[in-house]
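By written order: A, B, C and D. Residues from 1 in each chain.
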Amino acid sequence: MERLRIGLAGLGRMGRIHAANLARHCPSAELVAVTDADPAVAAAVGGEAGVPALPDFDALLSEVDAVVVATPTGTHAELVARAARAGRAVFCEKPVSLDRPATVDTLAAVAAAGVPFQVGFHRRFDPDWVAATERIRAGELGEVYLFRTSLRDMRAPDPAFLASSGGFFLDVSIHDLDVARWMVGEVVEVYATGAALSDPRFAEVGDIDTALVTLRFASGALGVIDNSRSAGYGYECSTEVVGSAATVRIDNRPPRHVRWLTPGADIRGIPRDFQERYPEAYQAELEGFARCVLAGQPVAVGGADALAAYDLAVAADRSWRTGQPVRPAGGA
Amino acid sequence: MERLRIGLAGLGRMGRIHAANLARHCPSAELVAVTDADPAVAAAVGGEAGVPALPDFDALLSEVDAVVVATPTGTHAELVARAARAGRAVFCEKPVSLDRPATVDTLAAVAAAGVPFQVGFHRRFDPDWVAATERIRAGELGEVYLFRTSLRDMRAPDPAFLASSGGFFLDVSIHDLDVARWMVGEVVEVYATGAALSDPRFAEVGDIDTALVTLRFASGALGVIDNSRSAGYGYECSTEVVGSAATVRIDNRPPRHVRWLTPGADIRGIPRDFQERYPEAYQAELEGFARCVLAGQPVAVGGADALAAYDLAVAADRSWRTGQPVRPAGGA
Amino acid sequence: MERLRIGLAGLGRMGRIHAANLARHCPSAELVAVTDADPAVAAAVGGEAGVPALPDFDALLSEVDAVVVATPTGTHAELVARAARAGRAVFCEKPVSLDRPATVDTLAAVAAAGVPFQVGFHRRFDPDWVAATERIRAGELGEVYLFRTSLRDMRAPDPAFLASSGGFFLDVSIHDLDVARWMVGEVVEVYATGAALSDPRFAEVGDIDTALVTLRFASGALGVIDNSRSAGYGYECSTEVVGSAATVRIDNRPPRHVRWLTPGADIRGIPRDFQERYPEAYQAELEGFARCVLAGQPVAVGGADALAAYDLAVAADRSWRTGQPVRPAGGA
Amino acid sequence: MERLRIGLAGLGRMGRIHAANLARHCPSAELVAVTDADPAVAAAVGGEAGVPALPDFDALLSEVDAVVVATPTGTHAELVARAARAGRAVFCEKPVSLDRPATVDTLAAVAAAGVPFQVGFHRRFDPDWVAATERIRAGELGEVYLFRTSLRDMRAPDPAFLASSGGFFLDVSIHDLDVARWMVGEVVEVYATGAALSDPRFAEVGDIDTALVTLRFASGALGVIDNSRSAGYGYECSTEVVGSAATVRIDNRPPRHVRWLTPGADIRGIPRDFQERYPEAYQAELEGFARCVLAGQPVAVGGADALAAYDLAVAADRSWRTGQPVRPAGGA
C-alpha cells in the first residue's frame, strides 16, 4: 500500500487536526515531518505524531512529496508558490490569499509547475454532502429550483483574529459559496446583507457577525445562505436543495445518537464546532488528496474552484457595502 | 344534520373530557343532559356545557337516545344493563366490570336488548393508529412477525385510587391488549412479569407500577407490552409492528411541533398525560359512536372486544402472580 | 355559552373550510347563514351546514352580528366597507385589496364604523406558532438575530387564477411577511429576487413561482423568506428564529405520526396542502374572532397589520422588478 | 507512540473488518501478520494490509505480543488457551465456546497464564452506548426501572451457517444480554419465547428467527429484548433505559444524515447491517484492547463477562424450550 509522503506546515487549530488525521486516519498518506513558526509547538505536535519537527518550510520541502499548508492566511500564497516551484503537490487551507492578483499569480505558479493543488473545502468530502450531491448529479432531483444553506458558529472568535480574517464573507460565507457552486452550478449574481448584532466590537472593526447572501445561479435557480458567528445554541451546518422531482436535506448532525428524556423535554445534542461535526470530512479531504496525487488523477477541488469562491465572497462583500446586487468578477 | 341525543353519567376526569367533546367537537352528537353522584359537580359541568344536570341515571335515560357511562368502574355493569333494558344505545368506559360473570351478564343484557354498545378503547379511533392499522389490514406490512408497544404514565395515581382500579393489568395493560388484538389478531398465550419500583405503597397494596407482558398470537407472531405508572419523563404511547414486507412505527407525539435550541441541547416537548396526547381520539370515539348508532351500523369496538381484552388482562395478572405463561379464558 | 351570530359570504375552497369550522369547531360562533355568487353552491354548502343560503350579501347582513368575507379578492374592499357601515363585525380573508388606496379607504370605513375587523392571517392562531411567539415575547430567545421561514406549495395553481392573484408576493409571501412582523417586529427594508422555473406560463403572465425575500428589521435583525408554488414534495411551512439566548424552530408537521419502514427507507408523511397542515389554525382564527367580538376585546390581527403586510408585499414586488432593495411605504 | 504488535487469526467477514481496522484505524495497534485456514485468503488479506500471511496459528504466536481470534466458533477455546499459555494477550470474538465446561476451562487457562483477555462485545465501545452508560453510571438516570432493546438483522443468514451458530440466543441475543448486564447490572431470571416465522428452514433445524427475552435484574428492574433475523426493513440496534430521574434512548442511526423528500414522503436511510452501523465500535474495541494491554490496565470486557452472557443466553434457550422462567447458571 503506497503512501504519499506529506509534510505539514502550520500547527494552529486546523494544522493540529490535520496532523492527527495524517498520523492516524489517512491510509494513503504518511506524515513525514511538521514545521511551525513556533519551534516549541512544532516539537510538541511532531512528538505526538511521532515525526520530526523541522526548522522551516524549505527543510520540509526537501523531505516530502507533498505539503499541507495550514499556516496563517497571509503566508499561503508565497508558500504554495514555493512548494509548487519545488515540484511538490500542495494542499492549502482556504483562502489562497485575501488579494485577487496574489491569488491569480499563485494559481499561475501552480499551473506552470504542473503540480496537483487542492484547496481545503472540506464539505466536498463529507459523506452526507457527497451522498446528496451524487444523487443530484445522477438527476434524481430533476431541475433545481432553490438552494438553501446555513453555516453558523456557536461563539464568535476573538476580535484580534478578525483583523486578519479577510472579513465575514471571505472567512465564513466562502464555504457555502463553494458548496453552492458544487451542488447547483455557477452563480451569476449575489446580494448580501449583514449586521453586527452580538458584540459591538464587530462594528468597531467594520465587520459583521450575521449575514444573508442571495444567489442567482446561471441555471436560473435561486439560492440563499445564512451565516452567523454567534448562533449561541451550537454549530450549525445544514443544506437543502429543492428540485422538480425531489428535494434533499442535509440536517445538522448530533454528536451522539442519544436522546435524554427529562420531565417534559426530549433532548438531543448539538455539535459545538466544526471539529465535532466534521471528523470524517477532514480525514477524507486529505485521504482524497493523497489518493489523487498517488494515482495521478485530478484532485476534487482545485485552483479554479478556489478563485471562483473567492470572487463570489468578494462580490458578496461589495454587495453588502453598496447595498446593490453584484455580479462576480471572472464571469461565470 | 341529525344528531344523536346523548346523556352523560359520571363527571370525573374522563367524564369531563367527554362533556367538553360532546358539547363542541362531535357534530353527530348532541349532549342533552348530565348527571353525577355529586349534584354540585353535575350543576357545574352542565352549566359549562349549557345542558341541564339531572338528579340521577333514570332521569337521564328518560331524556335521551343514548348514554355515555363514565362513572366509577364498580357501577358500570349495573348502569349499562339498565340503559340497555331501557333501549338506549350505550357507550361505556372500560372495563365493564372487574368481575367476569358480571361482565358476561352485562353483555348478555346488552345483546338481549339489541342496543348498540361501545367500549372506551379510544386508541382505536386515534388517526395515527387508524392509519397504521388500515395499512396493515390492506396487506402492506406482509406477514406480521412482532408487535411491540409502550404505554407509560408520567406519575403514579394516588394509592387510594389503586384499591378500586382492578390492579395494574386491568387498569393499564388492558388498552395495549386491545390494541394488540385489533392490529395483529387473537392472543393465545401471555406471560407477564411486574415490579413495584417507584413507590413502596404499590407493594403495600399488592400491586405493581411496572410490567412486561409477552404475547403469542394465534398467527404465530410474538408481541410485547411494556407499561409503567411512573415513567417520569412524560406520557408515552408508542407502537411498532414488524412485518415481512414493511414495519410501521407510531411514535409518541410531541404536544407542539416546536424545537427549542439552547446551548448544546435540541429540545422537543413530551406530552404529560393521555389528555394531551389524545384529544382527537377521545372526540373521534364519541363521534364514531354517534354516527354508527344514527346509521344503524355496528360500532367499531363492542362487547366481545371488551370481554376479550378483559380475559387477556386477567391472564396477565395470573401469569404475574404464578410466574407461568397463561392461556386466556374464553379461548381464541 | 353565548355565541356570535355569523354569516359567511363566499364559498370557494377557503369559504367551505370556514363553513365547516363555523358549523362544528367554533364553540363561540354560530353559523347563521351563507351566501355565494352561485346560488347552487350556496344551497349545497348551506344544506350541509344546516343553515339557510341567502340570495346576497345584504340579506346576510340583515340576519347576523358578524360576517366572514371569503369572496374573490376583488370584492373584499366593498363588502367589508358595506358590512362595517351596517355595524357588523368583519372577518376578511387577505388581502383587503390589491390596491393601496382602496385598502386605506376600506380600513378608514371600518375605523369610522368602530366595528371589529380581523384579517385572515391564520398562522397567528396555529398552536405551534403561538407557542413559539409567546416564548419569544417572554424574552426566552434573548435578542433576535435572524428570522428564516419557508412557505411552499406542492403544485402551482391554475394559471387562470394567477391573473387575479395580485402576483406572487401579494398572494404567497404576504403570509410570511405578516409572520415576520408578528414574531420579530417592523421591517424597514426588503430585497426580493424571483424566478419562473416550474412552468413557462408563469413567465408568460409576468409572474414567478419561486422567490427569496431578504428582510432588515427595525431592531437590526435580518430575515429571509423563501417561497415556492411548486415544491413538488409537498406543502412546507416552517420557521426558525435565532436569538442570543436560544433558537426556536417550528418544523413542518407530518399529517400522521406514523413511520413506514421499507427496505432501507424510513418514511414519514408530508402534508400536501395548507388544509392538511392547518386544521387547528383555521378553526382557532374564527373562534378567536368570535370570542374577541363577544368580549368586546380587540382582535388579534387587524387593519393595521393587513396594511403593513400589504406594504411589505408591494415593496418586495418592486424590489423584484427593479433589482434594488426597497423601503416599504407607510414607514415602520 | 508505542503500538501493540498484533496477529490476526481467522479472516471471514468479521476477521476482514478487524484486519482493515488494525491496519488503518487503531493508532495503538500494529498489525504484524495474519493467518487463516485458507492460505489464499490469508495471502489476499495480508497483501491488502501490507503484512505477511503466516501458515498457522503457532507461527502467528511466535511473531506477536497479542492475537485477535476471529476463527470459526468451534476453534475459539483451543486457540485462546494456546495463545494464553504462550503468554500472549488475547482478543476473542464471542462466544468463547458453545460448551460451558470448555468456556470455563478456557477462562481458567487465561487466568492461570495471567494474560489480558477481551471478548468481542463491540457495543460496549460504541460512542453512543458509551455516552449513555456513562451518564447512567454518573447517576443521572436515577434508579433504573426498565431496560428495553432491539437487535434485528435485515435478512437471515444461510441455513448452513445456523448449524454451527449455537442457536438463536447464543448467536444473536447474547449481545443484548451483555449490554443489559453492562448498563443495568446482573440478571437473576429470564423468560424467553421464540418463533420461526420468516422461513420454514429455521423450524426444520429446530431454530427460530424471532424472539423475546424478558429479564428480571438483581436490582428489581425489568428488561426486555426483542431480536429478529429477518426484520426486512434493515438492521436495527436501539436501546432505551427508563429511570426515575430521566430516560435515555439510543436510536438506530441512519447511514447518512440526508433526507430525501419525494411527493408525500420524507425519507431517511436505514443501515443494512452491523458493519454499516458500527464502524467506530469495531475500531474502538481493538484500539481499547491495545491501549489497555500496553498500559497494563484491565480490559473493559473480559472472561467473567463472556461467561455471564453465555449463561444468560443458555438460560434463555432453556426457557424457550421449556416455556418456564429460568434462573441463569453461575448465580448473580
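Going forward, contacts are C-beta pairs under 8 Å (C-beta built on N, C-alpha and C of every residue); 3 or more make two chains touch, one makes a residue touch a chain.
Everything quoted here is computed from the prediction, not taken from an experiment.
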By the contact definition above, name the pair with the higher C-beta contact count: A-C or C-D. A-C
From the C-alpha centres, identify the chain that is farthest from chain C. D
Report the inter-centroid distance (CA atoms only) between chain C and chain D in whole Å. 57
Chain centre separation in whole Å, for chain C relative to chain A (CA means): 41
Where in chain D do residues touch two or more other chains at once? 232-233, 245-247, 261-262
How about chain C: which of its residues touch chain D in the complex? 154, 232-234, 254, 261-270, 272
Across the complex, what residues on chain C touch chain B? 1, 23-25, 27, 48-50, 127-128, 131-132, 135, 140, 245-253, 256-262
Along chain D, where are the residues that touch chain B in the complex? 142-143, 145-146, 148, 150, 152, 191, 193-195, 197-198, 210-212, 214, 216, 220-224, 226, 228, 230-233, 242-247, 323-325
